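Shared between the two complexes below is subunit A, which pairs with subunit B and subunit C, respectively.
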Partner chain A sequence: MVKGVPEWLKVLSWIFVALTLTFVLGPLVVVAGVSVSESQFIAFPPTGFSLRWFNAIFESNAYVQALLTSLRLAFAVTVTATVIGAGAAIALHRRRLPGTAALAGLFLSPLILPSIIFAIGLLMLWSASVGAVSFPALWIGHTVIAIPYVVRTTLAVLADSDPFLEEAARTMGAGRWQRIIYVVLPQCAPGLAAGAFFAFNISFDEAVIALFLRTPDLVTLPIQIYNQLEFSPDPTVAAVSTLMMGLTVLLIAVIDRLLGIQRFVGN
Partner chain B sequence: MRDRLEDLSLAGPGILLLALAFILPIVEMLRLSFVGTDGSVTVEHFVRFLSDPYYLGVVWRTIYLSILITAICAAVGFPLAYVMARVSPQLRLWLIVLVILPLMTSVVVRTFGWMVLLGRGGLIPVVLWKLGLAGRNFTLMHTEAAIVIGMVQVLLPFTTLSILGVIMKIDRRLEEAARTMGASFLATMCNVVLPLAMPGILAGSLLAFTLSVSSFITPSLLGGVRLPVVAGSIYESATKTLEWNFAAAQSVILLVGVLIVLMPYIRLSERRHG
Partner chain C sequence: MASLELIDIRKSFGNVQVLHGVTLAIERGQFVSLLGPSGCGKTTLLRIIAGLESVTSGSVRIDERNVTDMPPEARDIAMMFQSYALLPHMSVRENVRFPLRMRRHGTRAEQDQRVQAALETVQLAHLADRMPRQLSGGQQQRVALARAIVSDPKVLLLDEPLSNLDARLREDMQVELIELHRRLGLTTVFVTHDQEEALSLSDVVVLMNGGRIEQIGDPQSIYESPRTRFASEFLGSANLIPVSVGEGASGLQALLPGGETIAIAADTQPRDKAYLVLRQEDLKLLPLRSDVRGDFEAFVETRVFLGARIRYVLRTADLRLKCLAPATDLFAPGERVAVQVPARMAQVIAA
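Take a look at the complex of A and B:
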């Protein structure tokens, strides 16, 4: 066995990793730090410790309204994206439809199309054919960009599933929909659940489509933060942001439990 | 036949939704980009954009900033991915989680963090001032450096994960063989690992580049109004000056640019799956 990596290079590479992680995570730590500062002004390092800015969020009508809008939207998107994505993934996995490869491309394409292009197209089409933008427009827009995640996580789980289970159910006399409900869907469950959490996270954090489709009555939490950042950021922005990051950490932990986060590497 | 019907009814809602709410909006955008102010078919919006030095400057800034951002992401992402691939699975999981965390955080939150760090009185300008490298009122906000810093943080996770996926598949015995034959560690990296990781580096870079040219929340908040990029200009035309046809034409130009860059990416990923 050859001698592995020289000692000095190991030390150097760990310094490099530490610096990179500091760079990548630094801004998030700063936001969390600002949110617990006592100071009236945005300051980092924080002075003192206080949770008053978290209280201030719930006393602010704008933030509470935006939070409710975002939650309502994210739950609606999670339901539609998961149901539609599940059906698509099962059909794609079976490869019986003509042009399955092209269909797979269609279902994953919202991932690579820049969201600004989709957002402006949706705004124009909605205005021309439906009228003023409203909650359903944003719901549809977020569902479209969340579907690829559900399709992907479900396909990943189906790829490892036992194809003979469905065959066995068929020989035992189970009908088409029985096989789907009792055999295929339970097999998909971890992938569907992970996809659902991804869908929730995407809708809750998304800012580009929500910015194009915003109206005075339709402001999501990221857009409320964006408005504050454009004009006068104060520590309440940090507190809201910290709550959003907390939710993200929670969702990552859940997705990892369900599916293993390593599966998403390299896709 | 009935099998096909069953699968079609499963995928049908999705196909219908994507056709109506994904394909059709893009078609509508294409159509509007060719409609003139008087309702006739015209290419005036494209001519206006491509002949105005102001907009050409915006395009140029978008392209060179994106190239810079992509290059930094690849240069930092490759060694980071290599280290991640060679540590224990337990530690790798933690590193992946730490890298994914900012990726899944809302872009407005991340950008806000940079506004605090880079603005007047923020940590970085103050440190530079204390070191005697900058003036007292120095700020990095509204500079191209701020855009690059903010965008690299957003895109580094993408590149790193895409390179990591490829490095994980490299047979470690190839490296060992090179070392047994007398190659130094660095020579092995340059002559064995780097060429084998190239598909991942390329795919990750193309992805980072397309995301970079089309993003506007981070550039517009960190760069400000004096440093517009293409996506910011589209947003201005669509929501501030309300020139929708002009905004549509700019989007078409951005879309064509992105597709040209994405072609090799799609080829690459097809070869990997096929």
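Take a look at the complex of A and C:
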């Protein structure tokens, strides 16, 4: 006879759910609330309702510039991280290279390495070898931290694929490039799309590397928010954050509709 | 003319040698089975013919041309994989068209025609626009078969293609393979570990063991005259009885451990140590009566009903024999029976 769940455990699980909801969704609710407040101070709960702070963003040169920089950067990172990550994943999947395990560790290491250490190191390396920090430095930095996501999502779909497909294609007369175009890439496609999505989001959202590699002309949206918050806090910060949130949710919805995000999260 | 020739093929993976010099010539249009237990090297040999595996030494010739150093895509072959290996992102039609497309075989219209013909051959024309995942296992297999024959390859390679099918589908498919082969006349190499499948499908059976060819022959000769202990045990799991062969009153006879003698075929030499090969279905069981003369007596230890036939496990003082009898020969476990062995069925091989 199976015993029912004891009362105290039920209570505990409800507390757990409530805490999770509070701390996952609570901050987002606060930010969204503040963004539509009439007050010019950052205060919660909001007083009144107004969209003036959203208006203010688009009238602010600094915000618009930062948004453009962030979008430009995120698109560039998406392209490089996807291309490099796909190549790495395919090579790792085949296990023909010497030291495959070590290489896999290397490609995934940015996931566990504290990004502040990476940021400081990249700044010193760039200053010593290239000179003044510029867009390419940030591009490279974000690409490095985005690659592991592309590698992981692509490896996940490759692991599910039939290992004999490429051999079969060879017996059907497909040469190296034909196999890549007609067999390998179509197999990777769902993983690449998901990886590209992650890459875009990571770059768009990243603040630590962007903070270390900023210049007056190179300020991303998260850094602009940070600057604003530090020097003249007003609800535009919340409005920008709400917009970023909206964009991310939209992206997730699109990707989920197209591919189903679930299969990549578990791996 | 040989359509496919293998000349002293050797293959090692690291320190492990899996093929120890295999030489084989296959005539145009023959259906040849590579038969053997897992690990005998049959699949490696097939992959070497395909070019998916390199040789350590030896050479492969297809249609008189040395293809040993050619990659698979340059050899004019087709291979059907055990997993079927259909491209999941392409429709049935596109899968079947793939070899033609990769080899730039004719115009688009000609390709469409050949695809249609290949799909009709395997009776799948009505499913041409489905995706592979929407098909049953049997249908996927037909698609793989259509894809293998569509480009009219010089050699068709089949890697245990029937092993993923259930028993009924498998029998249907065997018949279809025979008919397809008769119609198209493609030189075909078929890998299997199932002796019945090899015997029923092929013109030539190549029995392999431990990276070597154990025996080659047409199905009947290889079944009726196994030359080695391995061959006789693998083909039909025959009973092997240690005997000595000597001259008896009426020709050669084998002396069994229990002292009984059995007349054997004349084409052997007298010797002290040999094995008598008694296939399960060659033993004739008779009720033990005064007017019945068997070669020896045994009692029934176990009876297994198999439908059309019954398998008996028989015991004598020294031997334990398996026997396949028609379902009409009914004996109870514990019953004593007379066993007859037709002389022409009693083969002797070297110990």
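The working rule: the second predicted complex is superposed on the first by the 246 of 267 C-alpha atoms of A that agree within 3 Å, B and C clash if a C-alpha of one lies under 4 Å from a C-alpha of the other, contacts with A are read in each partner's own complex, and residues count from 1 in each chain.
Going forward, contacts are C-beta pairs under 8 Å (C-beta built on N, C-alpha and C of every residue); 3 or more make two chains touch, one makes a residue touch a chain.
Remember, predicted model here, so these are calculated numbers, not experimental data.
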Clash or fit: what happens to subunit B and subunit C when subunit A is overlaid? fit
A:172 in the overlay: touching subunit B, subunit C, both, or neither? Say first, second, both or neither. second
Just to be sure I read the superposition right, which of the two partners does A:66 touch: subunit B = first, subunit C = second, or both, or neither? neither
Examine A:213 and indicate which partner it touches, taking first as subunit B and second as subunit C; both and neither are also allowed. neither
Taking the superposition as given, does A:199 touch the first partner, subunit B, the second, subunit C, both, or neither? neither
Where the C-alpha centre of subunit A sits as vertex, the angle toward subunit B and subunit C in the overlay (nearest 10 degrees): 100
When both complexes are superposed, which of subunit B and subunit C contacts more residues belonging to subunit A? B
Partner chain(s) touched by A:96 [first = subunit B, second = subunit C, both, neither]: first
Once the shared chain is lined up, is A:186 touching subunit B (first), subunit C (second), both, or neither of them? second
Look across subunit B and subunit C in the superposition and give the shortest C-alpha distance you find, in Å. 11
Subunit A residues within the subunit B interface of the complex: 1-2, 5-6, 9, 13, 16-17, 20-21, 23-31, 34, 42-45, 83-85, 87-88, 90-92, 94, 96-98, 103, 106-107, 109-110, 112-118, 120-125, 128, 140-141, 143-144, 147, 176, 180, 201, 204-208, 211-212, 222, 225-226, 229-230, 233, 237-238, 241, 244-245, 248-249, 251-252, 256, 261-262, 264-267
Spell out the part of subunit C that touches subunit A in their complex, as residue ranges. 50-52, 71-73, 77-79, 81, 83, 85, 87-89, 98-99, 102-103, 147, 151, 157
Help me check something: in the complex, which residues belonging to subunit B touch subunit A? 2-4, 6-15, 17-18, 21-22, 24-29, 32, 76, 79-80, 83, 92-93, 95-102, 104-117, 121-123, 152-153, 156-157, 161-162, 164-166, 168, 176, 179-180, 185, 200, 207, 210-211, 213-217, 221, 231, 234-235, 238-239, 244, 247-248, 251, 254-255, 258, 262, 265
Counting only contacts in the complex, subunit A reaches subunit C at residues 161-162, 164-165, 167-175, 178, 182-183, 186-187, 189
